[in-house]
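Shared between the two complexes below is subunit A, which pairs with subunit B and subunit C, respectively.
Right after this comes the complex of A and B.
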């Protein structure tokens, strides 16, 4: 499975640009399922559809500064989007379902993030049936207009119909974003046919109604109004997304600035980021990192431990740091937001993350965030004495980027998350901004976990990786996710935490996935045969 | 830093001069070890010259160099038995695969624990025995005590070598902790309970070296089978030295029995306490105590930990290769002695879970050999008395017989019956006080205390009246 989509190669979507408005029209090809033999009926989607959606949104953000409002709608009247394809869900392996949901959730959250950060507004023009994942997609938009034809409804039929949950943020957004009363939310989420027109508006499930005859007009008026609130500008220079030059062999993945070497024996890999003073580094490096993380999630499920490394000059990283911190143009701004999202994607990897800070590494500025994303950071104390020309003692250096401009899903910076409830410690750590810190100090400040010297280095890291490989992957995923996101709940932590965890549990239960579970029996005419015990 | 000639300071066959990791161990740990030795090693005598055996190599020629040396100047060496080429794992799930030269991450904690528990016993016994020099029955015995102590020190060093060489910082922390725990200190005791007991007199010392050091032999033997090759080779060499400790115990008890027989015959009485000897029933009670306490060191007969260690290849059985089975033990059965509702019986279980009992049973058999030799001394003197080992269930603190009253003959007793008879089977306080009262030092070359016979020969072909310790 690949994640890069060339410009205008989209199979399931059409985009019409009429600045400042873009029409993003969902037109799913039923015969082009990405992972198996199922029919993508009624604008239902699978991972292939969603990868395109993510790619399109990214392109609009970078390459179309003139676009201020995106109208999301179905291609055929009568169908907005029927949500995730049930046949696909029923047949997909558990791991794929989890990764599919995670990816789609990240895309929905990006829609909201694009609105908030980039001023790119999204209008859901619900021109037909809008159920399950379809309504979840609509809810990610800033404004929902429902066609008021006395037929079309919005619905979350997962519980009554499919025996699963609206796991792409549906349950979370109904209450937390739209403020629907929870007793009404209960009614809504168990009402297979959903709610139409005035009732939907009254319960705040949508923001606006429009009769079929006035629908296009209402959309246009609203879209223009929304565009007026945007600070995006047609006079900004588009930043064209470069093509990724990925070279893959069995155990190596190589991009320009990101290299991966897989060691299948220890079920681990080394992910090395190379710094550069090249102007394209911030954008290309982020895109490469993003691409490789998605690749690893879907295509390398058995590689449990990711060892994060960096190579190059700290100065080269810092050349770009100011632009990421205080972007001065459209391209820099979007690149900065992209880094925040990629780092967040790194935080959400269901893999053990170890960072190794060695001589010649450059975990400074934005790359310090990569090291801080790790579950453990090993930092060499001193130098490799046996090297012929030993490189100097490694250092890490925080920049102002670490003060919160690259937040985690919990809304905190990575340093805050590491030093949660330790305000004095945090103050000490943040006082080092701009100053290189060696291993012993990094350990005491919470930037590094262990500081082995060169005699211990190799053994410590080998043992840690080997040890990790013997633990239950499930237990590790749960433990790491709990440790990483301390502190406050946000929409994102709720979605990736409680909603996903419950959904993943339900997916695994026979009531959903068993031979006669609801996912398999859906559409067969027979009802799911449930284990009736509740805990 | 000045160049240090490590090889002259520390005899070794581990290429110390080129191993920075080990040199660091020497620099950081060795001085602390010597400090510990001075503080917790033999009380007194640190400035005296002792005729000690020093290993300078593992070959026949190298491992027994004798000469007078002051103990703090002893050259504690690091020796691993010669590597066996293409050695493969001899038991467990990975039987037949190549042995490990590095610690696999999966077993890091378990291996470290095994090494720490074994290593902790080495300084513990030195601490337990530190006051004995003040009441040595002869210079010959004084020297043997110090030889044992010195070698226990070397065995600690051997285990620390593994911790330093293969377990990183955690290993070094554990190595430091071994010098911080103290036998019998309630706040920082040694790990195994038997090593927090006192060794108050020389009868106890000989019992300890016979029974408790023999546990060490069997533990080291089981670790010698380990798939972790450096551990295996270390233990292999330690076993050579351990043999001497057991000789000290076996011959020491034999000489006491001989002296007792002589006094009994001379005075025609079984109670020779009035003549400065140790009665045979006292010796038997000491045997009962030390044998039962030492058996606890093998752990519960049925053990999932031992099964895990065995399956993983970390710790085998004593002389694993000589066992006539599949060396996996997953699908075979064995029996062990247990008790339920007052009845002692053989229970059948998966052999894999009975590895502890297998090693313990070999140990018990080995213990019996010395007892038979002592009985020959008794027979040779025409004394109608037989020493014996008590029943497996007697006076146990670990396993199915813990907190159960079983007589040395294997009869299950009520609490009242036990309380009534225990003094017949275990040394009383008065008896121990009497043994202690006999412990007056004899430091004149060739002279022996009145309660022990002289050895039949000296050390390293030297005469018995050689000045083994120059006071």
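Right after this comes the complex of A and C.
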């Protein structure tokens, strides 16, 4: 499975640009399922459809500064979107279901983040049936207009019809974004047929109604109003997204600035980021990191530990860092938001993340955030004595970018998350912004975990990786999901923490995924053969 | 399984009272496992041990106002507590594992709540090995003293040793209560042998060290200091906990003020609370409700829907309500805290909760909170016309008690949770405090969901119950867990939401619970035969 989508290669979506408005028309090709033999009927989607959606949104952000409002609608008369394809879910392995939901959740959250950060507004033009994941997609938009034709409904029929939960943040957004009363949320999420017209508006499930004859006009008026609130500007220079240079062999993945070396014996890999003074480094490096993380999630499920490394000149990173921190134009601004999203994707990897800080590394500025995303960090105390021309003792360095401009899902910076409840410690750590910190100090400040010396370095890290490989993958995933997001909770931590954890269990149970479970019996007239015990 | 424990009937604990200190000594009887044939070695525990612990803490709160500090320690030399018994976990059905963890979590949270609300302080005197659930129990205490004998450690070995997570809030308390850095939390939770002495203190895993020769003295000094901070008083009148009058038949459970009628066909039950002017009503009714909720969790797993009803005089409830809101003595104060905990237990039932408000009901004051705990509420519009002497149209009435004195796990009142993000609506609803509200208004204010009239009443409710019974029990549990706790997150919602949801999945997976999973292979020398894919 690949994640890059060349410009205008889209199979399931059409995009029409009429600045300041773009029409993003969902037109799913029923015969182009990405992972198996199922028919993507009625604008239902699978991972392939969502990878395109994510690629299109990214492209609009970078390459179309003149677009201020995106209208999302269905191409088929009477259909907006029927949600995730059930046959796909029924036949997909458990891990795919989970990674599919995680990716689609990230895309929905990016819609909201693009609205908040880039001023790119999204209007859901619900021109027909809008159910399950379709309604969840609509809810990620800023404004929902529902066609008021007496038959078109919005619905979350997963619980009554499919025996699973709405898996793309639907339950969370109904209560925590749209403020629907929880007793009404209960009714709505158990009402197979959903709610139409005035009733849907009254419960705040949509923002506006329009009769069929006035629908197009209402959409146009609203889209223009929304565009007026946007600060995006046609006079900004587009930044064209480069094509990735990826070379893959059995155990190596190589991009321009990102290299991966897999060690299948220890079920681990080394992911090395190379710094550069090249002007394209910030954008290309972020795109490469993003691409490889998605690749690893879907294509390398048995690799349990990712060792994060960096190589290159700290100065090179710091020059780019200024632009990421205080972007001076459209392209730099979008590149900065992209880094924040990629770091967030890294935080959400269901893999153990170790960082190693060695001579020659450059975990400074934005790359310090990569190291701080790790579950633990090994930092060499001193130098590698036996090297012919030993490189100087390694340092890490925070920049102002670590003060909160690239927050984790919990809304905190990575240093705040590490030093949660330790305000004095946080003050000490942040006082080092702009100053290189060696191993012993980094450990005491919370930037690193262990500071082995030359003698212990290799053995200690190898042992930790090998030990990790003997632990239950499930227990590690659960533990890391709990440890990483301490402190406050946001809609994102709720979606990735609570909602996804429950769904993980529900998907795994025979009640949903067994031979006679609800996903497989969907459409057969039977509701599935349930173990009736409540847990 | 029963939950009431008569005074001095304890099998696994010894309590010595030396006011203002109580010694609570864990002395688990290895041969008295509650649910199967396993040996409770080394102060390991099962549900029976925890039911006693909860009963003892409750009794100290009500019956021993002279006790200001409880010292928790192990009876066995070299052993504090080895945590939940693994053989028990390996052999218990999935539902029991989950309900066991939920109950033990509630007990740990009560320790913290007793400290905060009642000023009853807890000192963990870690006099020997303290691992897994043992350390989680210690972390629920206000202060942890570790014997500094070079061998005694605190540890969370679940991930590396058992292939599951620490299930009683351990991961959450390490980061969110004790403020341990998350990279250190990662190291600690993967370190089978745990951490001893100065190292444990440095990482804030314990609060104090004491050499073996000085251990008893250090405990005594600290306990007395802690007692000095408490406002509990020997001159307060103890309130003796009454014995419950419970009569059970196949489908009926009857207490003095609580009655349950099970309808197995629709997998539902009616739970009726009867109001009374009797002085013992507030305490007895709360105890009965608590007992029946625990009973239903463990003994009636297939009953999916609980219909909450009330019968009696609103005036009777409101007289007691004043004392619950503004308690004037020790007994009233503790009764008020007990109601808050029981309501919280109700919120956490993994069952659908419907409330029905009919003529003759009395959902006012504290009983309004029972109705507001429901996922949805049906309230009769008007009267039952065909009754010979129809009772007046039903009303609900909030008291000041609904303003936040009995918070949900998310720290919000039940009305705040229902009207999350709707500040105007909340103001309107709270403006009705002290005024009876009829059905139509209750629906618009968020106190009720539906207001069917006489003609529709029975059919509409029956249909809703029958429909609910056709849905996947798993999907309902997940949906309700997400809907009920909107808005902010607390340690409790993290524990019951995120941590427990992950554990639910982990427990269910063959990696933990399969024939060659980690729980069953524990002690065999093998670590279990894992599906190595990360999810």
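Everything below uses one rule, namely that the second predicted complex is superposed on the first by the 535 of 535 C-alpha atoms of A that agree within 3 Å, B and C clash if a C-alpha of one lies under 4 Å from a C-alpha of the other, contacts with A are read in each partner's own complex, and residues count from 1 in each chain.
By our rule, a residue touches a chain if its C-beta (ideal position, glycine included) is under 8 Å from a C-beta of that chain, and two chains touch if they have at least 3 such contacts.
Computed from a predicted model, the values in this text were never measured in an experiment.
Once the two structures are overlaid, the count of subunit A residues touched is higher for C than for its counterpart among subunit B and subunit C. Within the superposed three-chain model, A:301 lies in touch with subunit C and out of touch with subunit B [touch as defined at top]. In the superposition on chain A, A:171 makes contact with subunit C only, not with subunit B.
Judged by the touch definition given at the top, the superposed model places A:19 against neither subunit B nor subunit C. By the touch criterion defined above, A:385 lies against subunit B but remains apart from subunit C after alignment on the C-alpha atoms of chain A. Judged by the touch definition given at the top, the superposed model places A:467 against both subunit B and subunit C. Once the two complexes are laid over each other on the shared chain, residue contacts for A:512 go to subunit C alone; subunit B is not touched.
By the touch criterion defined above, A:452 reaches subunit B but does not reach subunit C. Of the two partner chains placed around the shared chain by superposition, neither subunit B nor subunit C is touched by A:201.
Common to the subunit B-facing and subunit C-facing surfaces of subunit A are residues 450, 467-468, 470.
Taken together, the subunit C residues at the contact with subunit A in this complex read 94-95, 98, 158-160, 162-165, 171-172, 175-176, 178-179, 181-187, 189-190, 267, 301-304, 350-351, 374-377, 417-422, 446, 448-450, 467-468, 470-484, 486-489, 493-494, 497-499, 501-506, 508-509, 511-512, 518, 527-528, 530-535. The residues of subunit A lying in touch with subunit B in their complex are 385-386, 450, 452, 455-456, 459-460, 462-470. Residues of subunit B that touch subunit A in their complex: 20-21, 24, 102-106, 108-109, 166, 168-169.
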